[in-house]
Structure formats: structure tokens, C-alpha cells
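After this come two complexes, each holding subunit A, first together with subunit B and then together with subunit C.
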Partner chain A sequence: MKPAPFGYERPRDLQAALAVLGEAKTSAKIIAGGQSLGPMLNLRLVEPQLIVDITGLAELKQVERRGDELVLGACVTHADVEDGRIPDVTRGAMQRVAGNIAYRAVRNRGTVGGSLSHADPAADWVSALSALGARLTLRSGAGARMVAMEHFIVGALESALRDGEIVETIHVPAMRASAHWGYAKSCRKTGEFAHAIGAILIDPSAASARVVIGAIDSAPIVITNAAELFGGRIAGDYKDRFDARVADVMLATAGVSNAAHRHIHVNVLKRAVREAAA
Partner chain B sequence: MNMIALTVNQRAVQALAEPRTNLADFVRDKLDLTGTHLGCEHGVCGACTVLLDGEPARSCITYAVACEGAEVTTIEGLDEDNITTELRAAFTREHALQCGYCTPGMLVSARDLVLRLPHADERLIRVGLSGNLCRCTGYVGIVRAVRSVIEARRARDIAPTPDGGRKILGPVGSGRSDADRAERMRSVGSEQTSPETASSVSAIPDFVPATVLNQHFSVAHPPEQVFAMFDDIAAIAACLPGASLTAPPKPERVEGAIRVRIGPIAATFQGAARVERSLADMSGRIVGIGNDRRSRSSTQGEIRYRLVPIEQGTRVDLSIGYTLTGMLAQVGRPGLVRDLAARLIAEFASNLDRRLSGTSPGDATAAELNGMALVFSLLRARVAGWVGRFASSKDGAT
Partner chain C sequence: MRNEREFPSADGAGAGQGVGARLPRKEDDRLMRGRGQFVADIRLAGLQDVAFVRSPLAHALIRGIHVPERYRGCVFTAADLTGVNPIRAVSGLPGFKISEQPVLATGKVRQVGELVAMCVAPTRAEAEDIAAAVTLDLEELPAVYDMLRAREPGSALVHEHWGDNVFLETNFEVDISRAFDAPIKVSREISTARQCMSPLEGRGVVATFDHRLDQLTLYSSAQMPHITRSGLAECLGMEQGRIRIVSSDVGGGFGHKGILLPEEVCLSWLTMRRGHPVRWTEDRREHLTASSNCREHHYKITVFADRDGRLRGIDCEATVDSGAYSSYPFSACLEAAQVASILPGPYLMPAYRCRTFSVATNKCPILPYRGVARTGVCFALELMLDLVAVEAGLEPGEVRLRNLVQPEQMPFDNITKKHFDSGDYPEAMRRALASIDVEGVRVRQRKGEADGRRIGVGVSIYCEQAAHGTSVYSGWGIPMVPGHEQASARLTPDGGLELRVGVHSHGQGMETTLAQVAHEMLGVDVAKVRLILGDTAMTPYSTGTWGSRSMVMAGGAVATACRELGERARRIGAKLLQHDPAAVVLQNGEVRGVNGSVTLKEIAHTWYRRPQDLPPDVDPGGLEVTSGYKPQRDSGTFSYAAHAAVVAVDPDLGEIEILDYVIVEDGGVLVNPMVVDGQIYGGLAQGIGTALYEEMPFDAAGQPLATTLADYLLPGPTEVPAPRLDHMETPSPYTLFGVKGIGEGGAIAPPAAIANAVNDALRPLGVELMQSPITPYRVVEAVLAAREAERPAA
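Let's turn to the complex of A and B:
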């Protein structure tokens, strides 16, 4: 299908973009790579009156290492991460996640900030960046605020973004040398949205672990202190201590009522744990 | 309309197009480059894949206006390209096409793999081609063709280019417009269309729901009070987010609308419902039917409720059944509907509690529980929308 008619603006800088969004009395939508919004526009599930194209904004296509974290502009693409055009602070973790998002033609235009703003629970960055402990800078005409990933995704397609606000940068903490990373997803067809995602960032020497159970139909389950998944204690033998029953209860509590689906989620998480321990 | 200037197959071109014109339609309709094919038009099938600034991109979900200044290469522009020439010969030899519809996009993606993959690894080739659907060949010939070209080139010591040669950040095709040319095309007519009258729904038939969700919530008031409240259709409607009544309600016919949002997707179902109640066991049933004009989708919904006394008041058990047809139904996930339903019910319950306590739940003149049924369908609708691409019924709600 073809989209319904919309107006189009390509502001010259971030300030102009925020001004356009701030004054928009009509329904305005930001577009970056358009790999999520495009299909929705074409299917006429979304009919904004105005599209604000931010892909021309140089401010959003920058990357910088700031102390212990990497600061990514929102318009950095999945392929930019996959190809190593940005510095690696996660010991290859982000690169591997990026390389398995959708298809290369999609990765060449789809952006990290756009994917997060779209807040699809099955999107890779939603789960991966939650597990990595990333934070986002959200900017509007009124100023900027910082939000942790686990507070950013509110529900299916619902983020903490307010009217007139955009994701400006993504702050990814550097992964410690002692940390282990595992990321697994289940797709029936390569490249489609995942049916289950499991992500884990675990540091046995610091006895800390962040675990994400994603691609459920609401905001991902983010467990910032995941000791209970490992019998109450995080140590070097965490792979053997992983307690599938605890994960199952978490899923049931989050509303995943179908036992078969919980089983898939639990096993995908188990795969992520095994990958971390490998 | 807007004048769009870009480079297509190394030729500078300018043509007028609307902002909503995608790049594929632009090259086909304005430039007669009909080698670029459109299949699904929402980024799944890969038939429309072209090179944008030298990298593969979906031209069906890339709008021409966003490619101002970009370099576009369509299949016609690859006539003299070395890799594509080798691929064409290999496709012919391996019978890698039958009807040929997917072939232009397939060749563009295959070229990218030949350029980037270090070895002729079958798994990587298959993964790399997974975004290009072919319904004729079973892919065997295509994979063989791509593998043979990679093998031949690596044997000739032609090194791979893993990053496709791209050195700058950001979406391919973006940021090439003249910096002084900030585009500004304000439009468009008002979003509001005149609401379809609910009276267009004549009968309210019974039906067997395709999906049933069970939910419950509690309010701090006795069942008798809650049951009486449920008889006040207008009041109930006012508690339901997004619902509105379009005519004075009667139990045998409540006309109204329910508007639900899931992220950017919004649908408004206009319709009618009827209400049945049984004082004996404090239960009731609302059956409704409605249409969303925009998505040309229809829904039938049913809410059964039952009030159960509990220590702190009343537990309201809900069983929500619905069937959705039309575009929104093509892509639906009951689990998402449930997520939305849970959030709506929470809001409904707190509004109801407030109203029972004598405080107003806010503005909203709204529809009824009938609306609620519609809501859920609606929910689902949005939800569905969301999944726009390839939904499956995931967390089956029964």
C-alpha cells in the first residue's frame, strides 16, 4: 500500500528539529532510517500529518568515547555498529547483536535511536541495551534528561518519550574485562522479529548480573540484580546454578500465560547464559 | 509536490514527487526504471532492494524525498558492473530464477554478499539472502550461483570488503542534501474524518470469538453498588479510556466509539452494542460490533463480567472475547492485546473506583463496556498494526 499524504520537513540542525516538533500542533512523527515507521506508514497504520526527517542532522551521527562510556548519536545505524565504524566498548557484544538485526538492507538505514524510540518489545536493541545498562539522553526544546533503558520502554510500542522529545544519544557503559556476555534470540525465520530474547551481562568476580528476558508482548523483564536466578549467589559456576523455575515464575508474573511460550523464553535465556559461560 | 534532485545510475536527475512517494515508485514512475520491483511494500520481501550510496537498501520503505542528493543505483545501473555481470552468468547457469520477479533485488543483495563475505560459506550466504524472498526456485540455484561467484573471485585474489566500503555514519542515502536546503513541505488536511455513524451497524449478532482474554480487577466497594453502577451505561462509559457514546444509551442498543492507541497506531471503532444483565448471579454480558474506517477493519467483541464479593469489596472477573477481520487482522498478536488490555483495565478500574467513591473520573463522555469489547479489538488492532510486518500469533490467549 501507499502511505496517506504527509507533510515533510528536514530541519538543518537539532535545534530546528526540536522547534518544529515543539510547535507542531498537528500530529508529527520523527523519521530516522524509517525501517519501522516506513512499513507502518505504507500500511496506513500510522497517518501523521507531518514527518520530521532527522537523518540529515550531523549532531545525531556522531560517536564519542566519554570517560567510561561510549556516547552514540541516535542516527548511528545497525550496520555502523556491525561494521565496526564506531569504537567497541563492549568487547564485540554490540557488534554481534547488530549483525543479526533483520537484513543487511535494513541495517544500512535502520538506526539505534529509531529502533529504541519505536519501542517494539521484540527489537534487539531494546533487550541488548537494557542488559548492557545503557542510558539515553532525551532532548526537547525545554532541555535534556537522562533515562535508564529499563525505564525507557514502558510497554509495547510505548516509550517514556514525551511530546516534542527525541532520543539524542545512547550512553553505553564500557564492559569490564571480567564480565561475561550472552545474547540469544529465537526467530522462526532468519531476520524476522524475535519470538524470544535472552540477554545477560554477568561478572562473577563482582558477583553482579543484569538479565533481560525480552520479546514478550510488553516491556522486557529487566533484572538488574539477578542473583535469584542463580540460587541467590553469583559466582563462577553460574551456568550450573541457573534456575529455570525462577525465570518461569518471572514470565508468568509478567503475564506470559502460555506455558509453551514461557518454555521457549526460558530456554532462550538458558542459551544466553551458556553463551556467557562459554 | 516537491522537486527532488539526486543521482540515479550516475545520471543527475530531478523530478517532482510527493513526500510520501517511495524511492521505488520514484525511479519506476518518474524515470521509467521499471527493473526495480515492488512486492510487499513493507520491507519484507526484498524485491525493491537497490543500492543507496553504494549499499543495499529497501526502496519501498525509503522515501524519495529523504534521498535528496543521494546516489541511487538500480538494477539497470549494474549492466556494466563486474560483480553483477558474473552473477548474471552464474544465475543463468544455475537456473537461479524462474519468474524473475525477485531477481533484481536478489542480484543487488547477492552483489553485496559477493563484495563483503570473506568465503563462500553456504550458511552465511543463506542468512545474507534471507531478506529476499523467492517463491519459484527454492533458493538452491541462487545460493549455488552466489557461492560460485564468491569462490571464483576469491580464487582470483580479489579481497572482500567487509564494510561494503562505507566510511561515514548514519543511514545510507541520508545527509547528502545541500546543507542550505532544509526541506519544508507543510501539509496536510486535518486528520479528523467525519465519524461514520454507528447506525450503519444494524444488527448486533451473536458470534464465537476467535480470541478470549481473561482479566480481573478489584474495587473497594460492595458488589451491589458495583452492579448498580454497571447499569448506568453512560457512567461506565465515562470510566473507559477512549470511549464515547454517540447516542443516548439503551440496554438493547448502545452506540458509540472507542479509540485506542498502541504507540503510534490509533484506530477508532464505531459501532453498537447491547447489554444483558443477571441480578441473580451479579453477572452481565455486552456484545458489540464495530468498524474502523481507516484500516477497513471490523471487529465483534463480547465482554462477560461477574462480580465476586471479596473482603475488601468486589472482584470483577472479565472474559473478553473478540474477532477481528480486515487489514488489522492480518497481523495480530493476542499477547500485545493483553498487555494493552491490562493497562486499560487498570485505568478503567481506578476510574470506576473513583466514581464509586463519589469523585469524578475526569472528563470523557464515553461509551460503555460495549466500548470495552471494541476497545480490546481495537487494542488488538493497534497491536496488530504494530507488528505490521510479520506477525504470528504469539502468546496465544485462551
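Let's turn to the complex of A and C:
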């Protein structure tokens, strides 16, 4: 289990990194924490001709609060979030999600931007940041664009990133005081990839909710207008109004054909709803 | 309690180091500091690495192997290995069909991962680059991937000339027709998944040739080095004396390291061909997909009982998926044939019939894994006993108590002629039931859980034949039959003790426990006892470490050699004390007479450095003894244990949490109870893996589907509860000190206890799970099916 030969570049700043990526005439892969790419290289599941190592880029480790949102550099690690080294705008929600990602060794190196770029449907940030309504700044040598999470993940291991483009920052909206948050996942063992994720950000006073059903074989189901999951209206009694049948139909529509799998997903989402209401 | 009082006991000055002492393990100092030396740590000048081209298909004809011009000379195929014989592990049981496993595939491939070509380069990465550049022209054949379908006429054939896919069929029957009129009759199909043994350290091989000694040295992570030597010599056509096997520190064996590997043969050939040392270390993907598997059993079983729960008989057809080839030395049929002999368990069984099939498929060969067939057997039998309990309206524990062999019947010959040596099986069950508090669980069940989960309690019990010897193994007719076990004991000139044994230690702590045995005999400080093992050049021949035999066999051999050594020292000591030899005793490391004493250190100094002071009739063998040992009866020791588990099951998510776990075990006299506790913890972890996590699935093309540890799940620290252990200590009447083999037992009973607990939790929902592992998906699928079945017809 050794990787095929590859070229390696470690640019000094973001401009240099974008230049290397833009010029690359060969297949290139960006490495940050390497927690997914490392094993994939060793298993020869990917054989890029060039690896661009962005772990040295100070620009991508910056964190700041800008108005109503938190702007995270793509190379912030899960452990940075877990350990509270970034400002908390989600009333602890991100910190709790981070603390349950894989194992501590993975969290020490794995980065938020790397996890999103990898676009594994079972990854926590993919579902959690979709529910939190995060947006991403994607940058290439030609400029930057901003994409909402639900448009960024387009399929299993497929993102909206174009050639030469990298995730620069993640923008997380501050959670309103009246909002409730619930996040649940089911894993066969501690630290393993989830086989079902449910996430909900709900604000009964504003009658709004974002609901995510994740860890399916494709991009997560992101429900921005979630009233039908709660019998047509979102109010303080949402826990009791949660309609499992509607969630089940959504999963079937998304291509989850196995009834037992749908049952587990629906019940994990139900657990997230209960947590939000608790 | 020891049944051999003739041995000097280490009381007084040396107290606390002999048999029964909870000594910290000597080997842990280096292992816990990362100073162990494993095969992958070996660095030899000129060493090159090997990577293998392996079959990507389960079953195919080889039409061509294409090696790019630039790699000629670095790639070797079967055509190059002239004079190398295939691996043959033949059983003498009547009807056994022989498979020949070419060390590099010839003609066709019969499993994914089978070795096709060997690539050598200065580094493993470069060797893998070469392997990736070699292309195979394969003509795919239908894969035999389901052992039950493989038995049907018309199935594709793994070995065409057999005419079917059955390595061996066995039949055993005693009075079965007398059970047929029993009022309770329960029939089920039960199965256990195919598993990979997954030691922390995989296999690894370094081969080199020493021209001065005219000897091939093979460093291998192996648990039976002397057997490896014999098998290797047969494949290479070499004299055994020209081969030395060195097995250094071994990071877990479990049976996986008991077989002769085709890789060992290949690298041995390669180093002699190339003239430099070569290395191959198994990576985790190779371990999971290409090496060897274990455990895949299927049972079609009927249990007969009276209304009061008393067993009337068992009728069973058992099938084991043996994979493509018969492994050396255990063969492809040991597992299934053992099923027939041990299925009646620790119970009184008036009637019994068992047919077994060892079936060839296009999968990795099956190997005996910790517990061998017992884990599957215990799973099948104990799940069935819970169903008998339901039918009889009794607590599952009560059904066991009514059927277990009673202590006053010991020693007991059961229906398959297994000779249970000693023990109180019902007492172990009673203690487990009391400790797990079945009554308390029933009260809690009636109240229900606030979180919607369901609670269940499950028990299981087994007895395990261990350290079985010549009379048992000669019957199997496989390449390896254990005889007397030997050990050498040598006093060094400064009074230290060197022990040499042919068994091996791969986590068992033998450097400590065998030193404790020596201390018991000679009184030498355990710190001054050195154990030499794992090297055919330095140790007496042994079949090695397997079958929970080492403490009984090597422990007995060490004690016997030390006793003879002590006797020689005593005679020298008598001379030095100017006593009649009859008037002195060896005690606490010194020879004592009425007028004084002389230490073993002084005696050793005399033998080696002042021979002029020795008695004229001194034994010229001196202070070095090789002796052998076999228990008075070699039909094996029977350790046993009752396990009990309480679980909480979430019927909607399928998640299972183990809330409490109790083990009551009896391994006879324990040489080091702390080491035994460690063995039980490790076995429990593996048993939980079998129960809930581990499974190597295959698709219809025979492709193994769990290719990394993200797919092949092993339990971790958070999945293994701290069990509550209770020891009983019934000596074996046949062994030195009364010890019994205990190493495997922890892995036998957990799947049955946990599955019974899950079924107890879900029975009110109409759910029954008869297949391991019990995954969340299987639980939810069964819960939904039960709900569907309960829904009134439209």
C-alpha cells in the first residue's frame, strides 16, 4: 500500500498555490490534512501527477467574525473547532459536531475545507454546515465566487469545484437566540463514518427551518422549506408534529430504495428533532 | 490447590513468583516502550522489497502474464519456480479430497488475491509500481461464492477433477431416532459470517541465505516455526537442516500465523535466486482480501427436548466454507470435522446426529481462529437452547442447569467420546446468573425504558478441549501430530537460568509465565530466567503454539526439565556440603542440609569454573537438561466458562449497547491470574467483533467487499465493556500443577451470549436474529419484517 509516484509542490502563499493549480497541465490534487487523500493515495485509488500541499498557507488558517457571520479559513482543523480556538457563533453547535468527527488523531490534522472539498456524504461538516446555512468562497487564479453549501455538494465525492479552484473560506451565519439546533448520527462504532445523519436548525418564532438528511449515497437532502415535515407549519410544537412519512417519501424520492435504510435515516432525523426540542 | 505435591513449592524467600502469582509481564517493558522487534523492524544489508501481482478475479483461467520489457529480471512467475512444489495439506480422514496450492498460480486462479507474480525492487513502493505495470490476460470463470449453492449439482467447480466442491463430508450418529418423538422440537438455520483475524501485526517475511552455514534463514511472523520449517522444506525440496526459521516478536497470532504461506515459499526461493535478502510485509488490504479467513459456518439444526426442558437430542447438518485451498498444516477439514465432535457442548446428550461438509469455494482458505470451530458451535447450540427455553416456558439459565454435565459425573465421556476432565459446569452458570442479576433484568423489562430502547439478558456456556495431544491428532491424519513437548533448561555460570522452548509467544506472556513455572521448580528469581523461543536453531522441536496448549505442554516440559536439572544440582550441592545426597533438599534456589546450604549460583560456578570440586559420580550432562512432557492422559484439558450479557437495543436504529457483561471461567490452576484476565479481555473483544461487527462479505463474482478497516469493522475500546470476571479453579487431574488451556476461551461464548440477549430484548416484538454479526441494518430489517407480519391482512 504505497502511492504511485507523484510530483509535489508546497507553495508559500495562496497566490502561488492558485498559480500552480492554474498552470498544472497534469492532474493535480490539493492536500491539506490528508486524512482522506492519504489513504486514497496509498490504496492507489487516485494517482495524481501533482500534489499541491496547502498546509503552509497562513491565509487559509485565519478566522474572523464579520458582522453576522463567522469566516473560517479552509485549513482550520476539526480540533481547532473542537478545542474552542475559533469564535463561537453557533452556540456550541459546531464545537459539538467537531468533537464527534472520527478520532482525535483525525481531528488534529483534518481540515474543514478539506473535508468539504472531498465531499464524502458521510462527513459531518457536509451535513452540519448545510443545515447551518453556510456558504463557501471558492477561489481560482481567475477570481472568486460564493456558493451555498447545498449547491456545493453535488454528489458522492463530487463538489462544485472547478479545475484550478480551491475552497478559500467558509462563512457560517450566527445562530439566532431563538433558534434550536439538533444534530444526530448513527455509526456502527465510535469514530466510524456515519451511516445516517440528521441535522436541523429550526426557529419556531420565525417559522423557519433548515433540515438535512445526510450520509446517503448521494448529496445530502437539504430541505430549506421544511414546513411539510411538520404537518404544514413550523411552530413551538414541532417535535410532536414531525411527520416520519414525509421524511420517508423524501428519502425514497432521493433514491434510497431500501426500507430498512430509510427507517434508520428517518429515526436518526427524529432524534435530531428531539434534541433540538429538548 | 495443586495435584502434584512432589514439586518443591516456592514458599519462604521466593514467595510470590511461582505458580499462581500475579506477576507483571516481563516482556511488557520492551513492548510498551516500543522496543519490540517485529519482522518489519529487521534491517539486513542489501535487503530488497517484494510486492505481489495478485489475482483481481475469484476464478479465471490464466491466458497470459505480460511483463513490460523494462522490468524483465525483476518479475517472477510460476514458470520461473522450477522445482518448487505446491503446498499440500492432506487429511487422512476417509474421502478427503486433496487440493494443491501452487505458490504462484499456474493455469488458473481460484481466489481474489491469489499470488500470480512476484516483483522485487529496492523499495516496496517501487515494487508496487512494477506490480501495477504487469498485466494479466484472464478468462473469467463463474465464481463459487456461496457454500450452500456450491454443494448443489451443476455448480461451477473450484477443482475440476474432484467432480464436486466438497473437501470432506463426515457423518456421526448415535441413537438419533430415539429423539424424534420428543414433545419439543425446534428447527432453525443459523449462520456466522466470514471473518479476518486481524492481528495488530500482519504477516511478514524476510528471507536470506547464509553461505557459511549453507542455510536459508527465514524471519517470519509465525506462531509455529518448526512446522513452518517442515512445510517449507517439503515445498522447496531442501533438507530441513538447511533451513532456519526465526520468529521474533509477534504482534498477535490467533491461528492466522499458524500456516505455511505461499509468500514464505516464494521469498525463500527468491533470496536463493537473487543472492540478497528480500522482504515482504503484509499490508492491511492484503490481510483483508487475500490472506486467509475464518469462521464462516452454516447450521441446519433441530433440537429435541422434553417438556421440562431436558434435551433429548440434536440433529444437525453443518457446512463450513473452507475456501479454495487446504492450508498447511491444519487442512481444509479441521473446522467442519470439529463441529461434529463438539456440537453437543457441555451438556448431557442422549441422541445425536451431525453431518458436516467442508466446502471449497473461490475464497481465501479458511484457518482455525481463536476458539476454532467452537465459536460457531456455541453460537448455534446456545441460540437453540434459548428457543427450547421459550418452548418449555423456562428461564434460559434453568434449561442450561437441567442439562449440564454434573460435577459428580466428572470425569465424563460425552456422546462424541470427548473426555471432560474436571469441573463444576452448573456452578459456573449459577454464579453467572446471580452476578448478572436475571431477576433484576426481568423487573426492569416489565417497567420498560424511558428512552424507548429494549433491554435483554443472554447467557451462554461452553467447555473447551485444549492441549489435546497425540491420540486426538493422529486421528485427524493431518501433517502435524503433537507428541511429547520438550524444553531445555540450563544454568549459566553465574546462576541464571536459560529456558528453551519450541512454542511461541505472541501476546500470551510466556516469558513471564514459563519463568514462574521454573521458579516454582528451582526457586530462581524470575528476573534471572531468560526464555528463548521462536527460533528453530535454538529451541527443541515443537508443533508450536495453537490449541491453547502452551501452558499445559511447554509449562509441563519446563517443569520436567527443571526438576531434572534441580536433581543434578542437588547431587552436586550434597558433595559441596559433604552430605549424603539423600539428606539434602533443593529449596528456594539453594541446596540445604542440616549443616548449611549452598546456592544454585555456587553450584553452577563449581560445574563450570571449578570442576575439580565436583563429585566423582557427577552426571556428565551437567547443568543443562532437555526433557519432554506429556500429560498423564493426552485427550485434553477442558476449561469452561459461563458468559452473561445485558444489552439495550434501539429497535428503530438497530443500535446495541452492552450494559453489563459477566464471565465466570474455570481454567484449572492459573499460573498467572493477571495474564489469564488479559487473555479473557482480549478474547471477549474478538468475540464482540464476531457478535456485532466483523464480516467479510462477497459479491456474486467472488469479490471480497470489505477492503479496508473502514468497511471491515473491528471493535475498539469504546465498543468493549469492562467485564466482571469470576474465577473458579478446578485442577485438571491429568496435568502438572492441574493447569488447563485457557488462551482461546474468551472468544468462544460472547457471540452466543450477546445474540441471546438481543433476542431476549426483541422477542416481544416477534424478532429473532440467527446470524452473526448482528448489525444495525439486520436488526431494523427484522423489526420491520415483524411489524409487517403483525399487520392484519387487508
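Quick note on the criterion: the second predicted complex is superposed on the first by the 278 of 278 C-alpha atoms of A that agree within 3 Å, B and C clash if a C-alpha of one lies under 4 Å from a C-alpha of the other, contacts with A are read in each partner's own complex, and residues count from 1 in each chain.
Everything below uses one rule, namely that contacts are C-beta pairs under 8 Å (C-beta built on N, C-alpha and C of every residue); 3 or more make two chains touch, one makes a residue touch a chain.
Computed from a predicted structure; not experimentally measured.
*Asks:* A:Val256 in the overlay: touching subunit B, subunit C, both, or neither? Say first, second, both or neither.
*Replies:* A:Val256: touches subunit B, not subunit C.
*Asks:* In this superposed model, does subunit C or subunit B come into contact with more residues of subunit A?
*Replies:* B
*Asks:* Based on the superposed arrangement, let me know which partner A:Ala119 touches: subunit B (first), subunit C (second), both, or neither?
*Replies:* first
*Asks:* Just subunit B (first), just subunit C (second), both, or neither: which does A:Gly232 touch?
*Replies:* neither
*Asks:* By the touch definition at the top of the document, which applies to A:Lys61: first (subunit B), second (subunit C), both, or neither?
*Replies:* In the superposition, A:Lys61 touches subunit B alone.
*Asks:* With both complexes overlaid on chain A, does A:Arg12 touch subunit B (first), subunit C (second), both or neither?
*Replies:* Only subunit B is touched by A:Arg12; subunit C is not.
*Asks:* Looking at the overlay, does A:Pro87 come into contact with subunit B only (first), subunit C only (second), both, or neither?
*Replies:* So A:Pro87 meets neither subunit B nor subunit C here.
*Asks:* Does subunit B (first) or subunit C (second) touch A:Val268, or do both, or does neither?
*Replies:* A:Val268 contacts subunit C only, not subunit B.
*Asks:* Overlap the subunit B and subunit C contact sets on subunit A and report the shared residues.
*Replies:* 1-5, 39, 43-44, 188-193, 195, 261
*Asks:* Flag every residue of subunit A that touches subunit C in the complex, lowest number first.
*Replies:* 1-5, 39, 43-44, 186, 188-193, 195-196, 259-261, 263-264, 267-268, 270-271
*Asks:* Which residues, counting only subunit B, touch subunit A once they are in their complex?
*Replies:* Touching subunit A: residues 2, 18-20, 22, 25, 41-44, 46, 49, 52, 55-58, 60-63, 65-66, 68, 109, 112, 126-128, 130-132, 162-164, 166-175, 177, 179-180, 182-191, 262-265, 294-295, 327-328, 333, 335-336, 338-340, 342-343, 382-383, 385-390, 392, 394-397 of subunit B.
*Asks:* If we count contacts the way the header does, which residues on subunit A are in touch with subunit B in the complex?
*Replies:* That would be residues 1-12, 16, 26-27, 29, 31-35, 37-51, 53, 55-56, 58, 60-63, 73, 75-77, 79-80, 83-86, 102-106, 108-111, 118-120, 155-158, 188-193, 195, 216-218, 255-258, 261 of subunit A.
*Asks:* Using the touch definition from the top, list the residues of subunit C that touch subunit A in their complex.
*Replies:* Touch list, subunit C to subunit A: 123-125, 128-129, 132, 283-285, 652-655, 693, 708, 710, 713, 715-716, 718-719, 775-777, 780-781, 784.
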